[in-house]
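So that you can tell them apart, the chains are marked A, B, C and D in the order they are listed, and the count of residues begins at 1 in each.
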Amino acid sequence: MAQRAGLAAGGKTGEIVAKELIDRFPEYVKITKVTHNRVFAMVDKVGLLNVAKFMKDALDFDHITAVSGVDWLEEKKMWAVYHITSYSNRVTAEMIVELPRDKPEVDSVTPLWGGANWHERETYDMFGIIFIGHPRLERILTPEGTDYFPYRKDFVGGRRV
Amino acid sequence: MDLSLAPNAIAMSAQEFLAWSKDVMDQLLTASGAKKAVDKITAPIWSWALRNANYPLHFGVACCALEMAAASGSRFDAERLGMIYRSSPRQTDVLLINGWVTAKLRPDLRRLYEQMAEPRWVVAMGECAISGGPWYDSYNVVQGVDTFIPVDIYIPGCPVRPEAMIDGFMKLHKKIHKEMKGTFLED
Amino acid sequence: MNGLFEFAYGLSLWLMQVVAWIFNFIGLHDVADWFTSSGVVYFLTNAVAALIVFIVGFLISITFIWEERKILGRLMDRRGTQVGVLGLFQNFADGLKAFVKEIIIPKDVDIWVYNAAPVILIGMSCMMIGLIPLSPDFALANLQTGLLLIFAVFSIAPFAILIGGWASNNKYTVMGGMRAAGQLIAYEVPLLLSVASVVVLTGTFNLGEIVAQQQNIWFFIPLILGFIVFLTSIIAELERIPFDLPEAEAELVEGWMTEYGGMRFGLIMLSEYVRGYAACSVAVILFLGGWNGPSFIWPEIWFILKVFILFAIFIWVRGALVRVTTKQILHIGWKVLMPLALVNLGIAIAIKMLGWL
Amino acid sequence: MAEMWLNMGPQHPMTHGLWNLRVKIDGETIIQAEPIIGYLHRGWEKLAENRMYPQIIPMADRLCYGSSMSWSHLYCSTVENMLELEVPERAKYIRTIVLEAQRIGSHLMWLAALGTDLGSYTIFLYCVRERELFLDLMQNLCGARLTYNYTRIGGVRNDVPANFERDFTRVLKVFEKRLAIVEALCDESAIFRMRMEDVGKLTAEQAKNLGVTGPNLRGSGVEYDIRKDDPYEAYSDIDFDVCYETGCDAFARYRVRVDEMYESCKIIRQAIKKIPQGPYRVKPPRTAPKGKAGWAHVEDPRGEGFMYVIGNGDDHPYRLKVRSPVFVSVSAAPAYLVGYKIADVPAIMGSIDMCLGETDR
């Protein structure tokens, strides 16, 4: 396939991706660590959608691996963590978006990557993070009528059923 | 024996008459001991048939479902014992629960159990079905299927090996042999 | 009167004479005379003959189930059922178990139609047993239109499946029933065309005469195309893999019989194999020379042997192939089988006109 | 026939595992599909937060019971990435061998399930029989048939048993012959091809956008394999091809998986030859630093497996996220199904390779 040939010709490595991101969005993106095929970045909540769009269209990041939530109870914040892979460049980027814990809301990236659909639904189900613009933000794993967000740190586990 | 209604038989509706006559026949048979005798004679036949035609429900839940599949493979060949998997609960005798049961699944499983025709048996296969197993502190896992369905045979193991599963079915056969239900399905 | 009826007549006469002797002994001479009157003996003769044919057909069908389990097991590198001697008793265990199972009638079913479907199926199957001669000596009736009647009875089954599926109040069963009807359209025409080629060759619908004309050459040699078409369509008729769409397990749970349990289910299963026996018998009669064979054993044995071998081929097909879909069976039926059947019919007409046979 | 909703599941022969496929059908044509999952959800990630690091390995085994080795390996390599722990060379090779053996076992189970879906019990039994060969090897290695609990943080639990090399070589020799028979049973059957070809079409663009990974992605013509493109363990030292098909249909996905089985045999043969001497395990630290994160992604038999772990300063993880490949494949079910017939559902969903334990977690 043509795609593998493209890699051999030398696509964008992690360093180039990081540089282009910083150049384009100096106010939103903060790169924490870069290797030749890994990029670690903190992205501001406001600019997430623009950054994601840029990454998809200009940097060929065509696959979203996962959307995860992290609940920092003591720091009173939440993380939405995006892992995005580029098939043509073989680079995986980690983008961390920090959200306030009392109002965790962030733009949905489902319109960009259809694969994020269920990941975001699951994160909503487990953490209560609301993804604005998601086509169908409903409970997915827990049974109907669940009134708690089980993966939040203030939810005490143990037997319930 | 209640024959007091007999003179009014003409005044009864057809259905009342049928119910009444069935009642009287029942009482007659029980009192004369005929029922018991028929039970005694036929019980071994039915028991043999029930033992050797145990159709489990084709229902894979989790890990043990793979071992269920392996048990019907050529090395273990559970069909030797007359275990033929059917997909419709109406046609099966054994509900084989081979995995953890969550809050979402519980009503469906209960319904499957109720759709099965008597005589039916439930086999809890693996730790999860017996007691919740490795998910003992989960908020969504039912801690043992015997909390909502009567279980006949427990097969421990995590996951259960095919040999153990076949052994569990042999134990079920023993249990059916002991029950010895007669034609009228009485003891 | 053929051998079967002679035997039945002898048996009933002997039976009635015993009864008559008892009544004579206690002095009721009128009753004894009535029992030995020709009407009673004639009636009993028919009943005994029918019973014998039914029992033989039933036993063959039951053995079919055993044969299927064992051969299928061997194809899959395992032993199959082991209940009783060589697994022969598995069918009896299945059948007896069906007696003790609770009778469940699901909510909101059309009870009359729901109960009628298995009865129609099993009744039709028993009728088919009666129509099949195992040899000239072992036949209930020697009908001039036997072949037509058999195929008429055969095509009742999809009707029973349709109404049974519809009455069960379940989406899967309705779809199963609809598929049975759709399948009927696909295979019935090539099936009857392939049968027609044999009728053209022999000029008769009488099963006995068709077999008699195969003394020298079995019809599957000149009509090999017809034989293939016939086998393919008859597998569709029996709803066996690869054409078991009405009960396609993977998509329709158990297909049209999803809601049937207990004895009804047992009857349905039995009727399936009885129809299998009938189908194999018709194939043997039409193409494989019926009961013709070297005369060192009885012709009935030859017939049964051929039937079992043919059914083994059906089992082999089942072991090797996967299921087709509705679209594909229509495709196969109209675009492959139909032209083949027509070509075969042409060959049959040519052979008849040129007088080669 | 009017349009109606049909529930296929949770108890349905098509669902290997436990899920519910709601399809809206017009006659027999699917016009809308909606998968419902969560019947096996047990809060795996929450439970992992209450366990010590080594205690999570057997739990990871039970994520996907069809390929438990690859999940426990994924967990271990995630924690190793977080701790920045270097695994000994010998352990890397042993892991490569068992992972590939697990891949073959998992693909065989998939082919078996596909066989029953299409109505052929023979394919099922042949595949289950051949799978026993690999289960025996694994049992020889670590004592268990299904959930191995074999990989450890920093290596593997025990060294390979005696005659390991001989047994593997013999099994592979037998297996390749037998796989050719099963392959012939499928490939040379016109009906099998009729069922599988031109159904469940998913173009490369769709597949990329929907996040479908693994053999399903490669069946859509995208040549991407983490083993090759982001190598872990000993894969970078081994010569193998990435199998892909451009058919984009169910048959292409079937071909990819069968080719991968042959390819795995090749990898195992090479790895066995190259396996170095030395220690098979290093001792990891008991605790992880607070707030330190690490992640790993591997080529699971079903697609891209991914885990993300954050340390808590003690011997429990603060957060452990699992990305399951099947979770995404199930979410793409409408794209696979809409426009095809009800009778194509088993062929399409069977070609995706479901495992609901990792989907619901």
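In this section, contacts are C-beta pairs under 8 Å (C-beta built on N, C-alpha and C of every residue); 3 or more make two chains touch, one makes a residue touch a chain.
The shown structure was predicted, so the numbers you read here are calculated from the model rather than taken from an experiment.
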Walk from chain A over to chain C along touching chains and report the minimum step count. 2
More C-beta pairs touching across which pair, C-D or A-B? C-D
Chain A and chain B, separation of their C-alpha mean positions in angstrom: 50
Using CA atom averages as chain centres, what separation in Å is found between chain B and chain C? 34
Chain centre separation in whole Å, for chain D relative to chain B (CA means): 35
Check each residue of chain D and list the ones that touch at least two other chains. 12-13, 38, 41, 43, 46-47, 50, 125, 129
Mark out which residues of chain B touch at least two other chains, giving numbers and ranges. 73-74, 87, 102, 104, 137-141
Contacts with 2+ other chains: residues of chain C: 76-78, 249, 253
So with touch defined the way it is at the top, what topology do the chains form here? Options are line, ring, star, complete, other. other
Please give all chain pairs that are in touch with each other. A-B, A-D, B-C, B-D, C-D
Enumerate the contact residues on chain C facing chain D in the complex. 72, 75-78, 171-172, 175, 178, 241-242, 244-245, 248-253, 319-328
Would you mind writing out the residues of chain A in touch with chain B in their complex? 142-143, 150, 157-161
Show me the residue ranges of chain A that touch chain D in the complex, using the header's touch definition. 1, 3-4, 7, 37, 62-66, 68, 70-71, 81, 83, 85, 87, 90, 92, 94, 113-119, 122, 126, 140-143, 150-151, 155, 157
So in the complex, the part of chain D that touches chain C is made up of which residues? 1, 4, 6, 8, 12-14, 28, 115-123, 125-126, 129, 185, 189, 191-192, 194-195, 341-346, 350
Please give the residue numbers of chain D that touch chain A in the complex, ascending. 37-38, 41, 43, 45-47, 50, 208-213, 221-224, 229-230, 244, 295, 297, 304, 306, 308, 310, 318-319, 321, 323, 327-328, 330-332, 360-361
